[in-house]
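There are two complexes below, and they share subunit A, which is joined by subunit B in the first and by subunit C in the second.
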Partner chain A sequence: MDLQNADCILIEGSNMAEAHPVGFQWVMEAKKRGATVIHVDPRFTRTSAVADLHVPIRAGSDIAFLGGLVNHVLSNDLDFREYVVAYTNAANIITEDFADTEDLEGLFSGWDPETKRYDPVSWHYEPPARMSDDDVANIEDVQDGEPVSHEAAQSDTHGSGGSPLPWKGRRDETLQHPRCVFQILKRHFARYTPHMVEETCGIPASEFAKVADALVANSGRERTTAFCYAVGWTHHSTGAQMIRTSAILQTLLGNIGRPGGGILALRGHASIQGSTDIPTLFNILPGYIPMPLAPLHQSLDAWVEDDEGKAGFWGNIRSYSVSLLKAYWGDAATAENDFCFDYLPRLTGDHSTYATVKSMIDGGCKGYFIVGENPAVGSANGKMQRLGMANLDWLVVRDLQMIESATFWKDGPEIETGELVTEEIGTEVFFLPAATHVEKSGSFTQTQRMLQWRDKAVEPPGDCRSELQFYVDLGNRIREKLADSTDEMDAPVLELAWDYPVDETGEPDGESVLREVNGTGPDGAVSSYLDLKPDGSTACGCWIYAGVYADEVNQARRRKPHWEQDQVAAEWGWVWPANRRILYNRASAAPDGTPWSERKKYVWWDPEQGRWVGKDVPDFVPDRAPDHTPAPDAHGPDAIGGQDPFVMQTDGKAWLFAPLGVADGPLPAHYEPAESPVANPLYPVQSNPGRRSLKTPSNPINPSRSEVFPYVFTTYRLTEHHTAGGMSRTLPYLTELQPEPFCEVSPRLARERGLVHGEWATIISARTAIEARVLVTDRLRSLRLGDRFVEQVGLPYHWGGNGLSTGDSANDLVNVTMDPNVFIQDKVGTCDVQPGRRPRGPALVEYVAQYRRRAGVPEEGDL
Partner chain B sequence: MGRLSGPLHDVAQDAGYEQPPPRMGFFTDTSVCIGCKACEVACKEWNEVPEDGYLLTGMSYDNTQALSASTWRHVAFVEKADGPALTDLGMPGVGLPGAATAGTVHEDQETASGDSAVRWLMSSDVCKHCTHAACLDVCPTGSLFRTEFGTVVVQPDICNGCGYCIPACPYGVIGKREDDGRAFKCTLCYDRLKEGQKPACAQACPTESIQFGELDVLRERADARLAELHAQGVEVAQLYGRDPEDGVGGDGAFFLLLDEPEVYGLPPDPVVTTRDLGSMWRHVGAAAAVLVGVGIASFAGKRG
Partner chain C sequence: MVDFLGWPLVRQLTGADRLGRGAAAQSPRSRDLEPRTRSADRVVDSVCPFCAVGCGQKVFVKDGRVVQIEGNPASPISRGRLCPKGSASKQLVTSPTRVTTVRYRRPHGTEWEDLDLDTAVDMIADRVIATRRQFWRWEDEQGRRTRHTTGFASLGGATLDNEENYLMKKLYTALGAIQIENQARI
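And now, the complex of A and B:
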């Protein structure tokens, strides 16, 4: 909603109008108020149609484009200097050992070619000239290799706060020191020129200049620019670094922590944000608390040690963690038994979704729950998903409809080709009908971190049940079966605090769960995470949600319309943390605590009250004066200085350069997608060196720059359908609006391959070939890169074999090569396109095998 | 029956309502339409309009094609491979998007890309609820009637399927369901209006492209929006159906368009097909009188 306050909105990596039409109302509102809306996207979409400027870009080249903008800002001194010096680590000096991609031909220092991982020890801040005892101890820790792991990312151990940095480091606030972050950035991005952007992204210099000028003109004291992205950035083998580049740019322009600023991660459907906060991810616990690592964390002390006591609010991690354990195990969790820390599973490696699928194929994973997901259609490389599911002992699918993931064993594409035979599949499939969102009460958490409660409108029909009821009941039944067990393996289940009140239909009371998530103490529901204690006297299911049930009231259920409130509308729903609408909003004021401008006034220091005041809940220690310098031995929030707005970072500064916590380098560098028609114009290293490959025969990779696979394809959503289609292809009113799968191609590509508008085309990758109707449209551009053109094929991915409208799944074309930080794959790849329909049955397998042979694809995948 | 053409201050009063509520209508501002089709779905859900076929038309993202008995809101998608200037309207711009340009060559990126190279117009069309509604004028059963809100509604329990209303509509809005035989069209959610609620389409529209309200208020708002767009340099913006002096006496549902009406498939100068009904009757009357006179004269002649 704060988007309406932006003076400029850059949407890149997202087709916001089509995939997020409701949130897009605030973009339109901003536009009505005079904001400039820019859409950078491979295709001209419904978002582009209402934008002031559409800039077509080659899919997967976003770091080159954004890096070009960073270079433009730095080389022309267009950064918001006062903000940059005070609030970022631009002034920090990096150790002498650091070497950049410019020095090492596309790699950073610390690269180990054996493990294909970085050791980040050379990326650290140079120690401060005067060191406290803590600093000395920390430096010794780093030199000894403990406790800061030498694996760069620790992405399977660290949540949103990033990795703990042991010291604040030496700073040169003139930004002149050759090893200060500012100068390193300048050198790193110096070759990201408009010409390089044109050669890499296919964006003419004139278009690039329009974007650069709009961003600069709409940043600074008086104006702010917001960025919006979605899976167009996250679904890349360089996805985390694409977002990092935008963060660097927005920080240099001073657009973080201010109204109408920020970087909005648009979430794909209701409460995807919620399922990150209270995660369905393997590597974090609620509130981004890292999962314990088996080799390192054998006690509660060892688990919290990396963060505990460090500057900032992560310093209180023991309180959050102990309260979480108390929420899980209740009275069984005591100080004597480490609050049942030993009941928590420990990570032994990558257990992300694709690693799990590979384990299914290899026979390691035997059972699988699919809830609110349709991986046979919605996940990359559908064949891999289906082969995995066909190799299980049991599979539970809970859905509103009989989706492809529940029926692949009798009518999936591999049954048609003969690659799977129904009689030979041993998987026992259980289909359980699920209640829809109107048939159950609960909360959704959206992009702005806002929880909005909805009440049940109607009873679910027949045997349909809510997830809450299913899981509570499943827990009850498992606990009944184990009731007499004395095996200590079963104790974590038997001792769970598992008593939820149910109504007459057996439905657990959702608000009782919300209260548990909020946290409770001796005086009932806690009001904020500052109430949480490390001694076991409080329990809290998710520390960042503490306050959503403050005063024993469901705060997420508040529905006071925005026209009855001020601009912040603090009484609609509830936003984590602490109902704070804009994070890091201390940065909306200048270092001295006064607003940057009257126009962008938001949170400021009131010297008379001695407090931070303003339109929003200040994201700062409430009475921390702007000129406060913490004592050298201060810990946790006490160690936050008066000019350290980024209170979750150990140094309180925004990290232009990431000394730790990012697997593939402290700075973003453009690497090509795993499959690309062009050579990396910037570095001799073609693809992300740290990318995680998934080696299995069903995941072969197209060689880059292959004449056999000359085109780029990119997958996406249409407004009319919902993700993998289970909620839309089954409904007549939505199906009639987009009744068939299609591919979108440029007129030039249509001529080149003889594709006819409205007729069929076959799109081929090393994984498989699919067919779709052809839409020839000027909305797809032929992009000129130097002396050649790159053609992009657009593929909506909603279809599968079931429902009112059926067709091949575009995701079957997608390969799995993953970003090393988050283990998510490229959504783009290379392909061939031919007119006409694809071969049927076993002939399809041979057709694709011929392509692989012609392209020289190794049969065992990217080995 | 009230007046058949020209400006009409109070359409409901003209239809016989004493002290009717203000005339209600739609202002559809296509400059903020994002083509999400929520209006189409909300309309069908609320009014229980049946689906009408799963056909990929190849007409850009428009698989609905036109208003009909089973489509009461229709979002048109028009792809135009030219700049934002008003086009030469030699041909309506509603051909197949690819077919129009597949033969032309955009080899040079400078012309094949850039923000002005392609435009994608979207517009949610609906029954215009004309001030002078020919469908209503020709309906022999009284199934079509003017509501107290000034809107025009078909009553399915009265409609006998004669189909006179279909050619009478100057916009091609109303249609007949083949399996049913009766005529259907947008009711402007008469049932919701009676409960003081917005029509379903306006309620669902996320960007306020479809605005519902008192027609006088909407006209003022539209004039202000037009002025705003003109001030921003969007000179192509124009209002359609706003003018009470036009051929239908102004529409109860009118539009802000970003190109000529023909580009959206709308008639440029619609005229109520019953405009000349009065003069036709007068002519018929005169002709009849002449005939009678001739007859009398002939008898008179015989007698003479």
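And now, the complex of A and C:
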């Protein structure tokens, strides 16, 4: 909603008008008010059609483009200097040991070629000139300690802010010190020139200049620019760094924490934000508390040690963690037994979904719950997914419809080719029908962190049940079956706080679960995470959600119409944390606490009341004066200075340079996708050096710059379908609107390969070949990179063999090569395209094998 | 007796609607139609289950069945609008291909079989217990405590409620299961 306040909106890595159509109305509102809308995307889409400017880009080259913009801002002194000096780490001085990609031919200091990992010790801030006792202790830690582990995706486990930093460091606020972040940034991005952008992205310098001018003209005291992105950024082996580049740019322009600013992630499932906050993810517990790691965390103290007491709200980690343990194990969790810390399983490495699928193929994982997801179509490299499922002992699928992940044993693509034989597959499959969103009550968290409660409208039919009911029931049965066990491994199950009363239909009360998530103390439901205690007197299922049940009221159920409220609409639903709509909104005021401008007034210091006031809940200590300087020995929230708006960061500053916490470098650098038609124009290092490869025969990788696989493919969504199609290919209305898969190609590519509009084409990678109808269109432009063209093929990925509308799955083409921070795959790859339908049956296997042989891919895969 | 005066052509020629686009062409059936939203017994507040924009929905219920789902005009996010998916969401509930009974495929089986829900959940509980134990690990190679199992995994959560995600992670964690993932990873 706040997008309507933007003066310029840059949408990149997202086709917002088609994938998030109703959210897009706020872009159009902004445009009506005079905002400039820019769309940077490989394809011309309905988003481009209403944008002021569409800039075609080669898929996967976003860091080069954004880096070019950073360079433009830095080399022309166009940054919002007052904001940058006060609110970012631009002034921090980095240790002498740091070396940049400029010095090391595309790598940063700390690279270990053996392990292919970075040790970030040389990326640290220079310690402060006058050191406190804490600083001295911290220095010893850094010098002696083990490097931060990224084995278990620890990059995103440091609260909703950054990772713990040992000290605030030395600063040079003139930004002239050669080793200060600002100067390092300038040197690092100097090679990202408009010419280099043209060579890398296929964007002419004239188009680049238009974007740069619009961003700069619409940033500063009076104006703000917003960025929108989606999986066009996250689905890359450099995805986290793409988003970091945009964060660096937006921070330099002073567009974070202000109305009409920010970087908006447009997420794709109703509660994908909620399932990240209250995670069904391997590396974190609720509220981004890290899962303990076996090598480091063998006690409660060791588990919270890194974060405890560090400046900012994350410094209260012990309160959040102990309260979570109390929510899990209730009365069994006491101070004497470390609040049952030992009942938490410890991680020993990468247990993410792709590593798990490989483990299934290798026989190391034999049971699988698939709950409202369809990996046979929705995950990269569908064959790998299906081979994994075919090697299980048992599989439970819970869904509304008979999805491909439930029927792979009967009619999957590998059954057709003979790679799998039904009678030989030993997997026992349970399909349990699920309740729809109107057949249960509960809350979703949408993409701007807003929880909205749904009331139940009708009872689910037949055997359909909510997941709430299924899991309560399953837990009850397991506990009954183990009730007599004295085995130590069963103690966490038996002592679990698992008393969920059910109604006459067997349905548990969702609001009582939400109340547990909110947290309780001696006085009932807590009203904020500030109420949580480290002594076991409070229990809280997810500290960042504390307040959603404040005053014993389900705040997520609030539905005050927008016409009865101001634009912030604070009484509709509830936004974490603390019903705060814009994060880090202290930055919407100048260092002295006054609004940057009347036009962009949002939260400011009221000297008479001695408080922060404004249109939103201030994201700051409410009575902390702008001129407050914390005592040197202050801890946690007390250590936040009056001019430190980034209250979740341990130094209160936005990190232009990440001294810690990022696996693949303190600054973004452009590397090519694992499969690319070109050599990296920027560095001698071709692909992200820290990328995670998954070596298994079903995941062969196309060699880069291969004449056999000369084209780039990229996958995308259509308005009328949803992700892997289980909720859309099964609905008559949507199927009628968008009945079959297709591939978009440029007229030039169509001529080159003899593709005919409306006829069939076969698209081939080292994994498999799929077929789709041909759509020849100018929407895909042939991109000129130096003296050559790069052609891109657009593939909607919604289809599979089941449902009312069927077709080959585009994700079967995609390889699994992952970003080292978050273990998310590249969605781009290389391919060939040929006219006509693909071979059927065993002939398809041989057809793809021939391609692999011609391209020089080892026959046994990338081993 | 045929009422010639009631014929649409006569009405068009004699009445005010000379182009035959309104009253002249209207049949008694179309005149008496009323929207399902008007005859509903109840209207329930909901939220669209597709993408993460979080558009408000009004669910219209008659005789215990969903008869229509429309956008909620009061929502500050969506102001009453729904996209094609949200507009089609009634069919998630009423789809004729929706599966409403448990289906079971025995190992090496070639067809689905019926299975009682209670039996199915009980069988699943047995399998969780057995597989958990089979792949249980107290320690890693260096003797550091792990207290986990890699025997079974879970995938999904982004289409479910917060409360459901919470209980899933809580139960799995107590069981020592660590390969818990959802759509946020893909």
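By our rule, the second predicted complex is superposed on the first by the 845 of 863 C-alpha atoms of A that agree within 3 Å, B and C clash if a C-alpha of one lies under 4 Å from a C-alpha of the other, contacts with A are read in each partner's own complex, and residues count from 1 in each chain.
Here is the rule we go by: a contact is a pair of C-beta atoms (placed from the backbone, for glycine too) under 8 Å apart; a residue touches a chain by one contact, two chains touch by 3 or more.
The structure displayed is predicted, hence computed values, not measured ones.
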Which superposed partner A:L783 touches (first subunit B, second subunit C, both, neither): first
Partner chain in contact with A:P345 - subunit B first, subunit C second, else both or neither: second
Touching partner for A:E740 - first (subunit B), second (subunit C), both, neither: first
Subunit B versus subunit C as contact partner of A:G202, first or second or both or neither: first
Touched partner set for A:G758, first subunit B, second subunit C, both or neither: first
Contacts of A:L804 with subunit B and subunit C, given as first, second, both or neither: both
Partner chain in contact with A:P732 - subunit B first, subunit C second, else both or neither: both
First, second, both or neither for A:T719, with subunit B first and subunit C second: both
Contacts of A:Q452 with subunit B and subunit C, given as first, second, both or neither: second
In the superposition, subunit B vs subunit C on subunit A residues touched: C
Common interface residues of subunit A - those touching subunit B in one complex and subunit C in the other: 21-22, 25, 719-720, 732-734, 737, 804
Complex contact set, residues of subunit A against subunit B: 17-18, 21-22, 24-25, 28, 31-32, 44, 46-56, 202, 204, 206-207, 718-720, 732-740, 742, 747-748, 750-751, 757-758, 773-779, 781-784, 804-805
Subunit B residues within the subunit A interface of the complex: 31-38, 40-41, 44-45, 50-56, 58, 60-61, 63-64, 79, 81, 96-99, 101-102, 104-110, 112-115, 117-122, 206-208
Subunit C to subunit A touching residues, read off their complex: 42, 44-56, 59, 61, 64-66, 69, 73-79, 81-89, 91-93, 95, 97-108, 110-112, 115, 117, 120-129, 131, 133-136, 138, 140, 142, 144-171, 173-186
